[in-house]
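What follows is a pair of complexes built around chain A, which joins chain B in one and chain C in the other.
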Partner chain A sequence: MARNLEGVPFPHLLDAGRAEQVAQRVKAAIDHINAAGKFGGLEFYFLEELSALDRQVLAEKRLISPQHAELAPGRAAAIRRDEGVSIMVNEEDHIRLQCLFPGLAIGGAWRLASEIDDWLEQRLPYAYCPRRGYLTACPTNVGTGLRVSVMMHLPALVMSGEARKLFSAITKVGLVVRGLYGEGTEAAGNIFQISNQVSLGVSEEEIIEKIRGVATQIVEQERSARQGLLRQARAKIEDRICRAYGVLSQARIISSEEAIRLWSDVKMGIDLGVLNGADSRPVNEVLVISGPGYIQRLAGRRLDATERDIRRALLIRERMRVYKSP
Partner chain B sequence: MARNLEGVPFPHLLDAGRAEQVAQRVKAAIDHINAAGKFGGLEFYFLEELSALDRQVLAEKRLISPQHAELAPGRAAAIRRDEGVSIMVNEEDHIRLQCLFPGLAIGGAWRLASEIDDWLEQRLPYAYCPRRGYLTACPTNVGTGLRVSVMMHLPALVMSGEARKLFSAITKVGLVVRGLYGEGTEAAGNIFQISNQVSLGVSEEEIIEKIRGVATQIVEQERSARQGLLRQARAKIEDRICRAYGVLSQARIISSEEAIRLWSDVKMGIDLGVLNGADSRPVNEVLVISGPGYIQRLAGRRLDATERDIRRALLIRERMRVYKSP
Partner chain C sequence: MLCQRCGQRTATVHLTKFINGQKSEMHLCEQCARETGELDFVIEPAFSLNQLLAGLLSQEPAPPTSEPGGEVRASERGLSRCPLCGLTYREFARTGRLGCSRCYSHFEDRLDPLLQRIHGHRRHVGKGPRRISNAAEVYAQIERLKAEMDQAIRVEAFERAAELRDKIKELESKLE
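After this line comes the complex of A and B, so read on.
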């Protein structure tokens, strides 16, 4: 959700002093929310007070954008302890509010975001035009200021080659497909982010319904592609899954790219029941562990690439121990 | 050991009838040995009475040469039950006697071969010239008719790049380096066969001493190369070993080439103690299991390449179960 303060230039036009003022005003609104005991407590951070490593970890966890992790005056973030809510201050807009829910829980995420938005609005007059809706730094966000995104793991659609055709169809109905870390990133680990392109001239409910409908269809297609692959090439798919399990469980040196690629195969193996009696949380942690920032913060110091690859392999091996050899 | 019968043309000059006669004469000598209860029993096979698959398996086990496995009149083989002794009849020479011993046990192999040779000679007059020694179809084997070979697993010398220099030095002292399956084959799995080049003008004892001396030196060099690799790149070596273990333990489809390549890394891991509490017999079986003939004979029928790769993976997984995850 993109919001801006009435009568204040957009962040890219602010000098340091005024950017700082915006951050202080948002902080006051957050303090007000926390004082009311709402939303489980939002921790407020001025990003310049965090180390570069800490900012990198926030970006790897998708709590702030990679751009926001770079230092600039007045940049701040408010983050709920469970990391399900984050608010970026002075990113592209004064306020970018994000709610992250597991599963296809768009309604829940939307209700929570609206409620937090209402609380913020009690203290912060928004730039709003009755005819155009919420005003934003980039015209594509004007209107509802809402971006609804669904992160989807689609290995079978990629393997079967159906993904490309599907994504081109999705683009035609006004949605956008991006990689794991948002705009301009690769679909590492076969994870795709599907979002609305337009936020003007449609209601929030229409956006949510469209994304929900498309996502449900994609889930069906992915499931049927998986069954198709199993029918046509069971040994090949099982081989791929089991090799990925073998390497993730045993490697002593592993790059972030390889770990995420193998994660995708293991995750599919869990979903298909090839890896038995397993829930997918430990292997999902591989995605966070894989980030270079996370590993260095855990080590408490900068590490060169080889040291990171060795520590990454160790952390992943520990997570993999919960899975029984298939 | 290459031997030929006096007064009979070499095998490539024999017609079917005379080749058959040679086989019958050798069979009679073997029957005589078995009747005397010597050498634990040598099973005699006319190769034309074996299936193509059975002949292929004998070749994969190195009990006969790949050439000998192809059908031709009078070809036969006598094989001891434990497969430590095999005698090819009508290969390049009338008689090729081979003793296979584990470890660097050249003396033991030589004593056994000599004793069997003496027993054969009681019934079979050999083509022998006091000035030239034993006469053979190929002039390179004239003299002692003896080839002493040592099979060596030299992964660290290959990895460190020292193998090439070493082999060129070995060639200069009159020895030959070959791959796993003898003349003209690749050194699959980093297994090399080091043998004497010349068998004329030297005594059997000199040949044995030279091979023993060179092999002992190579063992030392391989050991020191392994320690060197561990010192310089322990994580890299361990990563390679553990990944090989992970893939051999988990793959559902595996080619013969990949299996032998990974065998080499796992075997080195056992020797270096990276894979703990393990003896190397189960992983050594991977070498035999990997052969296409072995898998098909076990299945009792011809299998296409994919079926073989699936069954191979299954057989290897069973062998790998004895090793604990490192």
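After this line comes the complex of A and C, so read on.
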């Protein structure tokens, strides 16, 4: 959700002093929320007080954007302890509020975001006009200032070649598809982010309903594509899953691209019941622990690429122990 | 019809190309079309919002550089500055980012058609800050009165139209 303060130029035109002032005003509003004991406590960070590595980890966890991790005056972030809520200060807009929920809980995410927004609004006069809604630095976000995204793991639709057709249909109904890791239909990990493109002239509820409707259809298509693959080529699919499991549970050196690519097969294996022993939580951690920043912060020092690949392989092997192949 | 490249699968992609007046036709199956790259221009899922915006801004008609018998106004040359942040429309067209909330009204004439092209709408629907939640209603009321005034003018009920105009002015001053 994008919000800006009335009467203050957008962050890209602010000098250091005024950017600091914006950060202090937002901090005061967050302090007020924390004092009221709302939302489980939002920790406020001035990014220049964090190390480059800590900022990189925040970006790898998607709590801040990669651009925001680069140093500039007045940049700050407020993050809830469980990392389900983050507020970027002085990114493209003065305020970017993000709520992350598991599953397809878009309604819940919106209600939480809207409630936090109401609290911020008590202390911060927003740039808003009844005709154009919330005013944002980029006119592509004006209106609701709302971007609703669903992350989806779609290995079977990619394998069967259906993903391309599907994505072309999605873009025709005003939604956008991006690869979470890299662009295009060959996105690593087969994880895609589906978001609304239009923010003006459609209400928040309409945006949510549209994304929910499309996401539900995609889930159905992915499920039937998986069953189709199993019917037509069970041995091949099981082979692919078990090979990926074999590598992740045995490799001594692994790059983050390889880890993310194999994650996709193992995750599908768990969803299909080919691999068992635990739910997909441990394997999902592979996505976070694979990031170069995370590994280095855990080690407490800078590591070169080979050292990172060795440590990554070790961390992944630990996660893989809970699973069993047939 | 079979794919003319592999000769095995059904052709589902039918391409007609005109290059320098030369017409050529191709009938391919989806797989061959993908392999030859013929489908690439059709589908571009990675199309980003910034690209979209840059594309729309570059489509805009170039502002007039001169006008017969008169000075070109600064706003038309894209040089007029927003009174709050000092941004010019030309700078916005280059970066895709406006300077402040005032830019929206200062560059209204040129932004409105742009918003229409980006969003397919010009008017906000949805949540608003509580402190101006009444404003949306006032706005809707103004719209109704304007329609009524137009109707009054059409039937030449000028007295009524003048009354309505004053009401509209009063409501508009509330929104300032």
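To be clear about the criterion, the second predicted complex is superposed on the first by the 318 of 326 C-alpha atoms of A that agree within 3 Å, B and C clash if a C-alpha of one lies under 4 Å from a C-alpha of the other, contacts with A are read in each partner's own complex, and residues count from 1 in each chain.
Keep this in mind: contacts are C-beta pairs under 8 Å (C-beta built on N, C-alpha and C of every residue); 3 or more make two chains touch, one makes a residue touch a chain.
Just so we're clear, the structure is a prediction, and the values are computed from it rather than from any experiment.
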Is A:E60 in contact with chain B, with chain C, with both, or with neither (first, second, both, neither)? neither
Look at A:T171 in the shared chain and tell me whether it touches chain B only, chain C only, both, or neither; answer first, second, both or neither. second
Going by the contact rule set out at the top, does A:T140 touch chain B (first), chain C (second), both, or neither? second
Does chain B (first) or chain C (second) touch A:P125, or do both, or does neither? second
Under the stated touch criterion, which partner chain does A:V198 make contact with: chain B (first), chain C (second), both, or neither? second
So which one touches more of the residues on chain A, chain B or chain C? C
Return first, second, both or neither, reflecting whether A:D265 touches chain B, chain C, both chains, or no partner chain. neither
What is the contact status of A:Q250 with respect to chain B (first) and chain C (second): first, second, both, or neither? first
Show which residues of chain A both chain B and chain C reach, each in its own complex. none
In the complex, the residues of chain A that touch chain C are 4, 6-10, 12-13, 92, 114, 117-118, 121, 125-135, 137-140, 142-144, 146, 161, 164, 167-168, 171, 174, 176-179, 183-185, 197-206
List of chain B residues in touch with chain A within their complex: 235-236, 238-239, 242-243, 245-247, 249-253, 306, 310, 313, 325-326
Would you pull the chain C residues touching chain A in the complex into a rising list? 30-31, 34, 39, 42-43, 45-50, 52-53, 84-85, 87, 95-101, 104-105, 111, 114-115, 118-132, 135-136, 138-139, 175
